[in-house]
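Mind having a look at this structure? Questions to follow.
Letters are used for the chains, namely A, B, C, D and E, taken in the order the chains are written, and counting of residues starts over at 1 for each.
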């Protein structure tokens, strides 16, 4: 698959995979929490939380990237604190690219999980409670398995979005080959020069190939889950 | 709400609303169809359809915009045909902005509807069939009402995404005030010039205000639906 | 209208192979949990596509039709109400699909006691209420064939007693063929024209209800202690003290039989089931007994089971009666075929729900 | 272990107001569809938060505990199996939560006939199979209180007959309090220690099963034709021809009573229910009858209902028996309190499932 | 008829003003669509309704010229610009030549530039640094932004201590100070070519001429550009 890719392009590809993988993985727990809060709890900040979750969709990606920069840059309120206390920074690091991708993908993840959560029959959770399962255990043994297809769908959406994320990423962590140059930035770069189309096309095809794999995997998984639940 | 907005900005706001509204509305039937095909049918092109639906997520928006330009531009294969046969064109028109927004929002819409479809109990559809409802009637009277919350969630996601879509839009239909300059492209323009931050912020706040309204409305609707189904 | 069902279908670990003819009237599918009753019914409804199926309603093949064109009223084992519709919406669903006013809406609502629930959604109903709505919904769909999968299991006796006559009406007046799954023998005995017994996917017995219910060989399959015979009698008169006098045609004789007031006009023919365990035999005509019905009969057969009981088949001059006695009594009374005896049947022992409407024999 | 339940709860159009004491043993909640039975049980399980609730198990308040700390085995009216787990996973769920081996797993699997289904998922089970798994799952959760909402309604008679003794064991040996909803009077009569009758959200009667079932005033509420009395008898001997001889303590006398072989060793005490409609009265001791049990008794009360029937309460020297006769017979025999009569009870009429295990009175 | 101008986004402030004046003067409405030069050029190639193309890069103008999509004789170099080094507001000015120890100046911090392989400002900057022999020393610290405005923003926010941008960018940005100007001979001359498209109206030719007028030149100068064709 790496045939015909320059070393820099291979690097961008591997980085995109890494960024998307971690963006998806680390946002899952938070996404679950947010989806749960939105689907099940009623609290004063409900509308606000919902807005915040959706914000990265609503705002142009550049603005989101800019806001990330303001918050998680070295000088940003959160970024400075992270640096002072933990010596950790997202700024101009691949972790920052992952953060940007995660933030941009978050609304998709949360919506998918939320829809799945709302479809869970609460009577099954009640049944688990009468069998001695505490709230947490009910969640772990009933709710979570039942929303697995939704979780998977959300994760696939998030991964796909992370693979394609460009605007927020480049605004937040710029384009540093080997550190923050993902496939979309490499593609963008090609498109900026006359005659770069062929190079861009090559990378686009690589993206598409990866997406095809990821989608096929997730389809297969969710079909298996559905078949098991239907008792086939 | 329009206080403090220049006429051009008000124009951008109204255009964004128009674009997002039509993008959402017109992609609903197609989204429903795609979601249905993906959730319920097994056919040879299943994986391909799934890929095509997800493509706008996976590709950097600029690429999607460029592909749209190549297909639906005046010279594009589809664009030329539309122009020759119907005298209609998306190119550099607000309808093109709506097309770009619809395409970019499509994966979100389809996923939401698909998740909802997969959660519908087929035994209820069977029951409807025994009561004399043809496939179409079952769909209209049972399936559709049951997936309404998912449809709504998908529509809200799509609308939000359409409000925020930038990369594909500016690449496909440029940034022509009054015709294709949406809020995100107006925000972009502001960010391109010295001292434009204040203007950008103003427009961001307008976006956020609209999103808040749209989200509140959809939450209220879906809560009502849920409460009715729960029999409260 | 005759329904013919020929099916074969394989599931992992389960094989269904059924060849069943349901003549006009109500055919009861009887069998243990997991024997395949719901599977058969689903195949008739078209919800299951069996490996091989031939389903003919009056020689018209149904098996190639999609479910919605089979015009079937199906009461599911699980109610399957539409959660997004009110009770009214559920009941009126079929009519709305056909763009008609639901026929007999008010009557069915009253019958099933749903008037107070019409504007509720299924989520706010009790288990029994849900099942009643499901029954109403199926009946209001103007079916030409009714499938009922344990429709009354969730209902109390009083409600059952109200609904049973209605199902009889469907069976008799509308002449709708009904395929009915039930575990309740009184229900079956009262309603069934035909009984089909299914075991592990195969029919083990099938025939007119009167024959099967009085067949001592089949009785254990149906549930021991529940054997009984079906008699046909004519209403002679409704008497002043709340009893009805019926006449049993017993050969040339007309034996009187008093029962608590039955529905129907004098002259009408009824069928009634008398459980074998409700019949006492006496060698001489007893005196001073509280039982009003003392029928002269003749022992026609004697089946000694493996247990302590014996089933005695009595001839009433053409009609049959079954009596369950202890083997000890059979010996003490020296019962043998041909012997004349008196069968004592308590009026009140003939449970109200064992008396059905007139049935076309 | 005594369970005290004091509840009040309002739903649109329905008000529940219940003050119920369930003494040790099995308390049956009896009432029409929609009367509030499931609502009461849900409140006890903690699934419903009623407006006001006080629930005490042996004076220990349960009402403030979350459902999972109440240690309740709940068999739901709808099975509520976990669709993502196999039958084995469903059965072992509670044990896995508590990180134990499920106690008595094999025994319950055998009892409920689930061995062949262990690796299936609920989607591939029949209605009755699903309910059996639900029963097993609740029983395997090591509960200290069992709630059963029509657990046997979907089961065939043979399966019921297998499961009933097991529920008796739970009641008697494990001494678990059981709150049981059922519409089946034989079930209730066999199992219930206490009966609570609920109508439109209010308790209308509550008391020991033996009293309520033989109370002619309550009988109509429970379902006409199903009145009957509960007798206590000692097993005297199991005889050679498959009958068991029991002894009824009737004042100073010990009346013999022959029944088809019952479970239990000689010397043990049993309770049995004799339906009023299975008793025939005779003024003189009849001869040449197939009925083995002829008990001398005395009429203690006579209730003429509004219909053609009359309910006669008999005194057997301390124990009570009910007989349902026609009013016409009552007049013909000139029955009156104090009058000596003979009660004729067919051995085989005492249905097998009306004979329970020994019960602590 | 109205005139539609596709212009590089960095020209916005100046062009908005010039166009408004022009319309007031002549009554000819001018529609301005801003975007990246690459985007604009592609759109023109796909039949965009542009009359005038103002590019920030000669490469894209050349590309259109090669494809014969502009009127060759209308092409002119309108503006020039200077490449500058910007730093924090309190930074001491330096002279930029071969002796400058830029790496020491950065002190481990980042140097913000536009994408060095594809965006003109980045290309000029890299060329200048290479010709001064400074590139190798600073390359590891370079962060590349999507465009030159984003690079400036990084400096303004303090995320990168220094950045290389156009002189015109720094004009109205209080968050940065001019640290030094790159020698004019260290890179190709920076030019903003303008040309008429094939569909241009006569009014468009007039507007393009107007951009070369002294009034326009004044506005451009005020915004930091170097008018090249100002009449003496």
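Here is the rule we use: a residue touches a chain if its C-beta (ideal position, glycine included) is under 8 Å from a C-beta of that chain, and two chains touch if they have at least 3 such contacts.
Keep in mind it's a predicted model, so treat the numbers as computed, not measured.
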item	value
Mutual neighbours - chains that touch chain B and chain C alike	none
Taking each chain's C-alpha mean as its centre, the one farthest from chain D	E
Chain at maximum distance from chain A, centres defined as averaged CA atoms	C
Whole-Å separation of chain centres (CA-atom averages), chain B against chain D	61
Centroid spacing, where centroids are CA-atom means, of chain D and chain E in whole angstrom	91
Intercentroid distance (Cα basis), chain E paired with chain B, Å	35
CA centroid of chain A to CA centroid of chain B, Å	20
Interface hub residues of chain C, defined as touching at least two other chains	78, 124-125
Numbers and ranges of chain A residues touching at least 2 other chains	62, 66, 167, 188, 191
Where chain E touches two or more other chains at once, by residue number	153
Chains that touch, pairwise	A-B, A-D, A-E, B-C, B-E, C-D
Residue numbers on chain A that touch chain B, as the complex places them	46-47, 50-51, 54-63, 66, 107-108, 111-112, 114-116, 118-119, 149-150, 153, 156-157, 160-161, 163-167, 183-184, 187-188, 191, 200, 204, 207-208, 210-212, 215-216, 219, 226
Chain A residues within the chain E interface of the complex	62, 66, 69-70, 73-75, 91-92, 167, 170-171, 173-176, 188-196
In the complex, chain B residues that touch chain C	123-124, 126-135, 137-138, 141-142, 145-146, 148, 225, 228-232
Residue ranges of chain D touching chain A (in the complex, touch as defined)	45-47, 66-68, 70-74, 76, 78, 80, 82-84, 93-94, 96-98, 120-125, 137-138, 141
Interfacial residue positions of chain D with respect to chain C in the complex	11-13, 31-34, 37-38, 77-78, 116, 124-129, 132, 149-150, 153-159, 183, 185, 223-226, 241-243, 258, 260-261, 277-278, 280-284, 286-292, 307-309, 323-330, 333, 344, 346-349, 351-352
